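A, B, C, D, E and F label the chains in the order they appear, each numbered from 1.
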Amino acid sequence: MSPDTETGARQIPAAQAALFAGARPHMQRLAGRTIVVKHGGSTMARGGRLWEELLVLQGMGVRPIVVHGGGPEITAMLNDLQVPVQFVDGLRVTDAAVLDVATMILGAKINKRLVAELNANGGKAIGLTGIDGNLLVVEKAKHAQDLGFVGDVVGVNVALLNQLTAAGYIPVIAPLGIDTAGQTYNVNADSAAAAVAGALQAAVLALVTDVPGLYRQEADGQKTVIPRITPAGIDDLIAQGQIKGGMVPKVKGCLAAMTQGVERIQILDGGQPYPLLQALLTDDGCGTTVVNEVSDAR
Amino acid sequence: MSPDTETGARQIPAAQAALFAGARPHMQRLAGRTIVVKHGGSTMARGGRLWEELLVLQGMGVRPIVVHGGGPEITAMLNDLQVPVQFVDGLRVTDAAVLDVATMILGAKINKRLVAELNANGGKAIGLTGIDGNLLVVEKAKHAQDLGFVGDVVGVNVALLNQLTAAGYIPVIAPLGIDTAGQTYNVNADSAAAAVAGALQAAVLALVTDVPGLYRQEADGQKTVIPRITPAGIDDLIAQGQIKGGMVPKVKGCLAAMTQGVERIQILDGGQPYPLLQALLTDDGCGTTVVNEVSDAR
Amino acid sequence: MSPDTETGARQIPAAQAALFAGARPHMQRLAGRTIVVKHGGSTMARGGRLWEELLVLQGMGVRPIVVHGGGPEITAMLNDLQVPVQFVDGLRVTDAAVLDVATMILGAKINKRLVAELNANGGKAIGLTGIDGNLLVVEKAKHAQDLGFVGDVVGVNVALLNQLTAAGYIPVIAPLGIDTAGQTYNVNADSAAAAVAGALQAAVLALVTDVPGLYRQEADGQKTVIPRITPAGIDDLIAQGQIKGGMVPKVKGCLAAMTQGVERIQILDGGQPYPLLQALLTDDGCGTTVVNEVSDAR
Amino acid sequence: MSPDTETGARQIPAAQAALFAGARPHMQRLAGRTIVVKHGGSTMARGGRLWEELLVLQGMGVRPIVVHGGGPEITAMLNDLQVPVQFVDGLRVTDAAVLDVATMILGAKINKRLVAELNANGGKAIGLTGIDGNLLVVEKAKHAQDLGFVGDVVGVNVALLNQLTAAGYIPVIAPLGIDTAGQTYNVNADSAAAAVAGALQAAVLALVTDVPGLYRQEADGQKTVIPRITPAGIDDLIAQGQIKGGMVPKVKGCLAAMTQGVERIQILDGGQPYPLLQALLTDDGCGTTVVNEVSDAR
Amino acid sequence: MSPDTETGARQIPAAQAALFAGARPHMQRLAGRTIVVKHGGSTMARGGRLWEELLVLQGMGVRPIVVHGGGPEITAMLNDLQVPVQFVDGLRVTDAAVLDVATMILGAKINKRLVAELNANGGKAIGLTGIDGNLLVVEKAKHAQDLGFVGDVVGVNVALLNQLTAAGYIPVIAPLGIDTAGQTYNVNADSAAAAVAGALQAAVLALVTDVPGLYRQEADGQKTVIPRITPAGIDDLIAQGQIKGGMVPKVKGCLAAMTQGVERIQILDGGQPYPLLQALLTDDGCGTTVVNEVSDAR
Amino acid sequence: MSPDTETGARQIPAAQAALFAGARPHMQRLAGRTIVVKHGGSTMARGGRLWEELLVLQGMGVRPIVVHGGGPEITAMLNDLQVPVQFVDGLRVTDAAVLDVATMILGAKINKRLVAELNANGGKAIGLTGIDGNLLVVEKAKHAQDLGFVGDVVGVNVALLNQLTAAGYIPVIAPLGIDTAGQTYNVNADSAAAAVAGALQAAVLALVTDVPGLYRQEADGQKTVIPRITPAGIDDLIAQGQIKGGMVPKVKGCLAAMTQGVERIQILDGGQPYPLLQALLTDDGCGTTVVNEVSDAR
């Protein structure tokens, strides 16, 4: 306990206490529920610390699950090993050599870094790939051009995840999958997170990105972040061309998760301090929230 | 979600989120633990709302139990019914007529008011007296003068309390007891709270009082609140006459609970906003904390 | 063991043993089943002792639940406190002052007396009001004249009652309720008992009253107790005006419980010795039994 | 329900009900406890019906286990099959042919008759021999003369019996055993019952015999049944020669069970009506009770 | 471990190990599943040892249940006791005297022999008749001529069998039944086995017989065993008169079990070494397999 | 089912069936027990397939756990990345760059290859490192020369492994560890396997190596494999210098596991077909078995 005077510093605990009290409705809404967090896997430069946010949420009775990406580190290692890097429509063409590297970067280098951070701070994290326990069963992705070992998730081992979260573990999932013949695949991390969230009917699918949220471009060309939008509103944005390119399939994957029962999608700026806590525990929130009714009380 | 501008209001969620992150070590220390809160039973004039604090703590995995008092309301009703009121050494002399009134005020009027407040806000509270399920088994208190039906707790139904808290209920206990012959008794609320905390080896016994904590009177006559003290330090204060009168048995009851395994006692000012949250979730704390080692990291 | 001669007193145990054997079919029918007993709450002048009957039945594997009333004691205290007493159609008009008194008399004075009697004799009773654990969720009663805080039960916390009876506790329920906004209400005890029995699909709803059962008035004006009747038979009695006034809603509440799955209603004379045991364990029974088929084997 | 007049027959239920109330302390003492009943296996000529007594006791929360004998029926069948019958010191010499017959009479003819009676009346009985599930592990009995396949119990499968009684089954055990090499043996039924009761630390071991209890021969030659005696008192009777011959080992087996934790032995007259119910549920009891303290409150 | 040279005997373990590996798909198909084995009850002259096969299968996670017969031993004892033996259409006419003998031979002599063999070798077998725990509830068989106490199974206590097999016990069932009035009956062992298998939806019903399987008589009069056939194929054989007489009802009972969910029937030659293991664990199998699709992969 | 003639091929199932019967004692000894298999991680050139052996053993009720190595692949990748490779006393000097590579090769490339093989064949494998769930808590290894991030196991998360194996999963563990500060380490695979086996008190610790077992060099210089030896015998071999160099610490780690309760160590030749099945299921065994008593019956 830091030294303080009776008159001054003691104001701070009172203000803090009031904040906790104010977060109560948010805590009650999330208690006992599963949330799935898509994270890039890197320690963010400016912002919050993922492990810290997860442990606070878990302490409030939330069951967090992380799905992480790792594209830049895969590319870096492919360069180190002088393996050619090729993308089609934003998707990585994955031959056996690339799959090996993706497996190592996603399944070990990044995954164990995240797990070690959580466990070093009193957490109980377990790193898994979609191969372990047949967690993510995939089929080869259909695409105009052959992408190699890129898979689409067609099944999730829900029992394993529920067993682990019920025992207090935080699963940290690397986006690799396995087909019924035992062949392993690379999976897009956003798609994997959406599939996991949908299968678990998670309360929240939170995407920690490098943008402040979904934008709307006004007539004068100015762009503003949309704080709250419905799936129908997103369809409009796509139709208007305000959402385009690689964002379209990513956004559509999230909407599919909502039709499976996910209650809300949070699109967050990883550069913010503690973006998850902002989004989930404060009245004002953070980034863009996708909900079925804009008028939903938070 | 309140309207806000990108630059201004959005600072607030970030600051809030940082505060939650800062409370993480406190949350981890208390998770899954039982705390016993002694409360006067009245809605405090200036300060926090008990139900709100309890629900926040329960949301963080704490198992709260309330023991409440109610002396002023008992006296008021005795006056209404023109029953004489008599105290000996600060203890209410309790004949059959007084016991009836105490039973009704403690066991119903105050108890159900607290329970209804919790349940109206999403809580799961159950009001009990020490008679129910033989929760508090007592013997007639030994005292120089016969105090009538005033009992000392000699046994606590720990299984019942653990069963209820494990099922998510918050027990709200009125300080009445029963002896092995089925006679009911009035019990001092501080003693009842200490007995319950000791029997459950609670993490914390929090006394919500009408003073800011334990005082030390300096040579110049000025009084300052003691933020942190050990049982030995309290023995010194008693020896020095700084703690005296009715405070002595009350304080000794708390120390007895510590020898049974309670980790810390919090003496709090009910006039503060959210005193429990201040004391349990902030670095600076609130009131006086009694711990076995002053140097204990919070 | 009392002294006895080989020839004389030893006849008694044999006769007793034969009686137990004769009760076997009744025991097998009730084993593991819940029964709800509506009781006035007072120690009956002539008759059985409620606690003794409940412990015998519980010892035979029955799960008893008590709902008690307490109108006369409420009225007496209102008189002591000089609060005006007002009834409309037999229902107590309940303003805030009356509700306070009803809460104290029902929720503590009578409730804890019943609980203490059971616990003093080896029972495990827990006194609850409908406020505790949201046990009885109510809505304000609709009536031509505003009755104040008088509620109709619209929900019962079945899980809590089953959890307690499974753990061997006997719930003793005071007829107070809570609405979804946290306001508490007075509830008619017969209605509360019927609601609890219906929600639990109890084997038996037993009403311990101050009359020997339902009467039929013969042509010569003589009244005889009806030992066995069906719901349709009761409808006939109402149509004939043999059941009238305040008895009509009371009887209709019981019939509603039967449509929810309660198997039989027992209307018993509390002045009889051990009326519950007579009704439930002997071939001849006691008072009036309402069953779906008069020809049902007991 | 039999027809009755208000004045006459209705007295009977009241008297019956009072008897049930009187049995309450006995019920509370036995609730949840295991009792082991040694029975001859035949339907007794004059007295109670075993199945009826067991179901009444089970209905009161007692867990009954039966061990039955069957010597006369074994001898009858040996005679039918013209196999010679031979006894040494009251123990049947058991060669392979005798063992076959004993297995069939005990393990099937008598055992299934008892089981069928219980099951026909709503019971859940399971007939077992000591061979099944290695229920009674034996060693060949040591005796001056070779008795053939006669075994002494050296182990009891307590888990199996507890699993069955917890599931509401009444085990009915034929006194056959198995050694570790898989050889089966005949076992004395009294010894088997004592071994089972001792291993389970049963509340009661009841021996249903063809005598009224243990006798004491007075100086004038008159014999009186001893209602209550301690193990030390029995040692005295043996020393005085009042208990002698085949009764000595039988009685010593029972005392050994008491040292393992059995609380009382009941020696009962099977010719009495409902001897078990008399002994266990009435104040006056029946036959001889062996307890550690004669002054024990029943 | 036998002495061996490095070059020679060490070849044997390698070959053995390869055989275990080859059985893996069969083990995976049967793991956790129940199989019901109908066995004559005698120790087969030439062939496998039942207990050994059952313990191997149980060791692979299979839950075996045995139903045994015993006709020849019943007839032998009836002859010893000079009770007349009478058959109608291959069914034993069963008066009270015959029922007694059948009960003893099936329920004890054969049953305990099988149980003792299993338990002597580390198994956990429990012998039961259909009377125990109302395991086989029967009705008197309808037949042109009165057959006496011969019953048809109309109900199986599935819970009891599942509880025992889940606890690692092997139930060994003698084909006796009980009707709702408590009368016991003799039951055809094949019918009993089919009823048990059907009620449990067993993976396999294996009939260990004294023939090599089902035969097909070719045009040249030569008979060949049919390795694999469907229910429809069996109907054809019956229509062609290739299956006739007493085999017809036996075969139809098995087909009825398949309609209840039994996956395959194995008709095995008890004279083979280890016929069950051959049938269930090798690619080539043994005897005749009845399956819903002949082309089913084993 | 392959086509066959009645006379020829049908001999094969009979021989196979006899083999299964012969393996019964081995199956009974291992049922429900945990075994830990240390494996190099590569698909062996000549020999058995690890996944196949594990699934056979799991099908017999064994709970297998795999700890794999991977040194050659680590070295290969370090060479590809032009990171210098350095060993001290057979231990890899592990700086941050080496640790990264070891993490990726062990934690992902090899680990997921083994997991995928098991899962593709109907297994339920989960790949873990010692970092996940704090499975292997380590301290920095003490060594004359600083080895960098090389750790010694000081704690094993036994609860996690037992939870997974009880749910039917096969844990596949990469030998990486974490210290209490969250730093990750490389761990020697043999040491990790011995630590896991010791902590779990495994029935067997099997080391699949590239040698046929422990050798004894005779006076004439000839070397023979020792089929069976005790820890004391190994101490003798070390004293005689027959075991030396890098083998000494490896062998001592295994003996330490035996003092923790591991019953036997199997040192196996991975070039053999199905070495685990040979060692665990055949009478003749395979390689060298270390047991506490050479005369122990297998």
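Definition applied: a contact is a pair of C-beta atoms (placed from the backbone, for glycine too) under 8 Å apart; a residue touches a chain by one contact, two chains touch by 3 or more.
Not measured: the values here are computed from a predicted model.
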For chain C and chain F, chains touching each: none
Chain pair repeating D-E, as identified from A-F, C-D or A-B when over half of the contact pairs by residue number coincide: A-F
Pair with more cross-chain C-beta pairs in contact, given A-F and C-D: C-D
Distance-maximising chain from chain A - centres being C-alpha averages: D
Cα-centroid distance, chain A relative to chain D, in whole angstrom: 68
Computed distance of Cα centres, chain E from chain A, in Å: 56
Chain centre separation (chain E, chain F; CA means) in Å: 42
Gap in Å, rounded to a whole number, between the CA centres of chain C and chain B: 37
Chain E, residues touching no fewer than two other chains: none
Topology of the chain contact graph, where touching chains are joined (line, ring, star, complete, other): ring
Successive chains around the closed ring, taking chain A as origin and chain F next: A, F, E, D, C, B
Chain D - residues contacting chain E, complex: 80-81, 100, 103-109, 111-112, 115-117, 119-121, 124-129, 131-134, 160, 163, 167, 169, 176, 178, 180-184
Chain D to chain C touching residues, read off their complex: 1-2, 4, 6, 9-10, 12-14, 16-24, 27-28, 31, 48-49, 52-53, 55-56, 59-61, 122, 224-225, 227-228, 272-275, 277-278, 281-286, 298
